[in-house]
Amino acid sequence: MTATQNAATLTDTTLEVDNLVVDVLTESGWATVVDGVSFSVRRGETLGIVGESGSGKSVTCLSIAGLMPPKQTRVRADTLRLLDHDLTRLSPKEMSDVRGPTISMIFQEPMSSLNPAFTVGDQIAEVLRRHEGASRRESKRRAVELLDRVGVPSPARRATQYPFEFSGGMRQRVMIAIALACNPDVIVADEPTTALDVTVQAQILELLREIQREHGMSVIFITHDLGVVADICDRVLVMYAGQIVESAGLDELFEDPRHPYMEGLLAAMPRMDNPSEALASIPGHPPRVGAMPEGCRFHPRCRYAAEACTGGPTPPLELVAAHHTTRCLRHAELTLKGNP
Amino acid sequence: MLKFFLTRVATTVPVLLLVTFVVFGLVLLIPGDPAVTIAGPEATVEQVAAVRERLGLDRPMVVQYWDWITSALSGDLGTSLFTSRPVATSIGDGLPVTLALAGSALVISLLIAVPTAIVSALRRGTWLDRISSIGSSLGIALPSFWLGLMFVLLFSLTLGWLPATGYVPIEKDPAAWASHILLPALTLGIAGAAESARQLRGSIIGVLQQDYVRTARAKGLRGRVVIGKHVMKNASVPLVTVLGLQITALLGGAVLVEQIFGVPGLGQVALNAVTTRDIPVIQGIVLVAVLVAMLSNLLVDLTYGYLNPKVRPR
Amino acid sequence: MTNVEKKSEAAREPSAQVAPEAPAASAMPAGAPASVSAEALAHGGGAWADFRRRVGGNRGAMIALGVLSLLVVVALIGPFITPADPNAQNLRAVLLDPFSPGHLLGTDQLGRDILSRLIVGTRVSLLAIALALAVAMAIGVPLGFLSGFLSGRFDQVVMRLNDAAMSFPPLLLAIALVGVLGPSLRNAMFAVGILMAPRFLRLVRGVVLGLKEETFVEASRSIGTPTWMVILRHILPNTLSPLTVAIAVTAGYAMLSEAGLSFLGLGVQPPDASWGSMIREGFLYFGRSPWLGIFPGVLIALTVFTFVTLGDGLRDALGREERTES
């Protein structure tokens, strides 16, 4: 495809990923932790990526942003396109030009994601200095504005304080301010509310929604909490053992899941007030990296597993409806229970 | 910050008091009758009496200590038993030289340690890292005085690049000062460099795994900003604590190095005093050295307050 | 407790090798690797077997132990295997080059056999290290135990003493002590031992303080066993690992101090030889016969290097040198 042919989609799709494969170096050699993930995100859309820890959802996004440790990671993809940047061809230095103004990240641990040795204001301002060449004074002024925007009270005073003087929720607001600083086209939020308590969680989600409405950027929202997904996402990818096992629009996915794993997740949902047990209703554990089961990777834990599921290559991702795919051999025979 | 400083000073006071006890108590450790021992085996009864009189050894201990500490506070550390020079004068001559030596050694050790640590932490597991880690183990293992002798052998006697011994005050001739101080300072600084490099490498590796370093990268900051700013400020915290101990060690190590290179510092004075059992001089030097060590540790701790915002109450 | 003390406790090198990360989950940057010593702290039983298993698996530590055993053997049988009398002078055969007939490593300025002097020097040097370590531990271990156990005012006083001891430039205080007590190897190493006592004091105090918080101490106390008995029963297994590391590291410093003091003429006295004093005696003849200094210097460096490597290996194998301080 040439650039001109792409021009039409450029206006709409901000991020396009095709066949992303990520290997990491483990004790026993290279192991594939993300295996052929493809998806795209439109402007103004919130895409949820759901999965248990270790399903590869974070690695997917960190790899796209070039944030995996280079010596211990191999990233390959047929397409990795962020606006008009071909990310597969960017040098680390060019990649750092993209991070901030085009794609930015919000991480899970607001406690440890801010540098304890610098003031909050400085940590926001340095993004502006780096990418927009703002002066020291100008960047400081805008840092205060950003703090104000994300709902930090008395921002001018708070800008001169250190992270340890902030509560968890306030720190996450600071993280959002940092991510927002250069008006990126894509924000990746990696479990941004997991470490927060429920009321603060709701406030942060509301803030993210508001900001997205205002700026119209794409948001990729990584979480293991289906409640949060229902709250904020438009479309959802479900990941299991390094692969996408199902993808659909939010309502369709919840009402009519087509993969037994998703059914299991939904069945576990009422217990989301206790996240550690949220997945308890699916027996067993996800497979270890480097020890992937033959056939369908989910079959050892699947109550519907048939002979055909236990061997041969991993089943392909099949289109079951418009914008709805699943990686289940038996999707046509099964009637799975949703959670409308 | 002021509060931090004041509490820090306040905790120093009892320690300082204990130190003066120890320094004063050195006299008590002299085996047998101190006056006889100090005056020497050939001394007459009159000479012994004179020594006893001069050191005030015939008076109660408390009085002796009080006299000693009060005159020390007014800058009078007594007079040498052999040269009759005021101790404070001898120290005044030697101290600037030792400080210049120790200071240069500290600078050199950091100039070696910081780049080495950064490179080996970033290239962890490579041959470069391995070489520098063996190098720093060697730097710790090699006795400094032996290293100094080897430097003299190589750079002065064989290659003739630098003077082997002697010292020129910096205010007299900066270039000559530099050429005279280089080898001694390098000798003195190498052990510290090795230790700092090990320490710093470890803490850089630790900091590199922190989430906030990933955040800094996610912001698109340049590699050198991520390392130079976000990593180094945090990684320096443990280094600073080691530096305090190192400065103290440098003041002691200076004795050996001054001896080898014929640098007329405090160590030379101390060594002469030790061979002649010139107690007032020994006491004076130890006291001054401890004071210098404590003062530099105080300064180091203030740096610590800057590096770690949590310890400075606002 | 001041901040300043706290931070010096915190100043430990994070373990040199970070454990290779487990696959997917930790491909996301993980936190600090878990300290192995926490595990060692938790239970006393089988500590010795555990210790042997872990150290046995560490190549660096095993090589260092091998070199050290060799040095100990040389120290023990040294006087019986010297090719010549180490103190016999021969003014007709001074400053002979290495590989001279009858003198494998040559002779010094008085015609004494260098190899023989190096061999007997081994015993002197190792004994000096042992003496300094014994003094340091005899002061540090009980004081550290009491300080951690009694806490309160006693602890305050001991810690101030500890601070005072640590604010002396070590070599300088040793020189002063030797100056007052008179130059001899025993006095020198006694002084070095005093200066190293704080290392052990702080270590043991930290372990005891940590133990006091442990649940099994609480539990035993609730069934009526006195706390001190519980702690005493657990102190040995729990200090074993950190103490071994500290001994290895401290031994290296003791070696360097002995060499330095002997070089200054304040340690071993002629005609006895230690490696440090051999450098002192050969000092003036270096220009002509550099090996006079090179041989003993290399041996000193090798010994210290062995101790440092042993300490590193032990620390890797056993977890970090324990410096918990509440």
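Which chain is which? They are A, B and C, in the order written, and residues in each are numbered from 1.
Here, contacts are C-beta pairs under 8 Å (C-beta built on N, C-alpha and C of every residue); 3 or more make two chains touch, one makes a residue touch a chain.
Computed from a prediction, not measured in an experiment: that's the story for all the values here.
Trainee: Please tell me whether B-C or A-B has the greater number of C-beta pairs in contact.
Mentor: Taking the two pairs in turn, the one with more contacts turns out to be B-C.
Trainee: Just grab the chain with the largest centre-to-centre distance to subunit B, centres being mean Cα coordinates.
Mentor: So the chain farthest away from subunit B turns out to be A.
Trainee: Measure off the straight-line distance from the CA centroid of subunit A to the CA centroid of subunit B, and report it in whole Å.
Mentor: About 53 Å, centre to centre.
Trainee: Please tell me the distance, in whole Å, between the geometric centres of subunit B and subunit C computed from their C-alpha atoms.
Mentor: 21
Trainee: Would you mind listing the residues of subunit B that make contact with two or more other chains?
Mentor: Where subunit B meets two or more other chains at a single residue, that happens at 210-211, 214, 308.
Trainee: Please set out, as single numbers or ranges, the residues of subunit C touching at least two other chains.
Mentor: Each of 29, 31 in subunit C touches at least two other chains.
Trainee: Quick one: which residues in subunit A touch 2 or more of the other chains?
Mentor: Within subunit A, residues 112 contact more than one other chain.
Trainee: So in the complex, the part of subunit B that touches subunit A is made up of which residues?
Mentor: Those residues of subunit B that touch subunit A are 210-212, 214-223, 225, 229-230, 233-234, 307-310.
Trainee: Going by the contact rule set out above, which residues of subunit C touch subunit B in the complex?
Mentor: Touching subunit B: residues 2-4, 7-8, 10-16, 18, 29-32, 160-161, 163-164, 166-182, 252, 256, 259-260, 263-266, 276, 279, 283, 286-287, 290, 293-294, 297, 300-302, 304-305, 308-309, 312 of subunit C.
Trainee: Within their complex, state which residues of subunit B touch subunit C.
Mentor: The touching residues are 4, 7-8, 11, 14-15, 18-19, 22, 26-27, 29-31, 133, 137-138, 140-146, 149-150, 152-153, 157, 198-199, 201-203, 205-206, 209-211, 214, 237-238, 241-242, 244-245, 248-253, 255-256, 259, 267, 270-271, 273-275, 277, 279, 282-283, 285-286, 289-290, 293-294, 297, 301, 304, 308, 311.
Trainee: For the complex, give me every residue of subunit A touching subunit B.
Mentor: Touch list, subunit A to subunit B: 65, 67, 92-93, 96-101, 104-105, 107, 109, 112-118, 126-127, 130-131, 162, 164, 175, 178.
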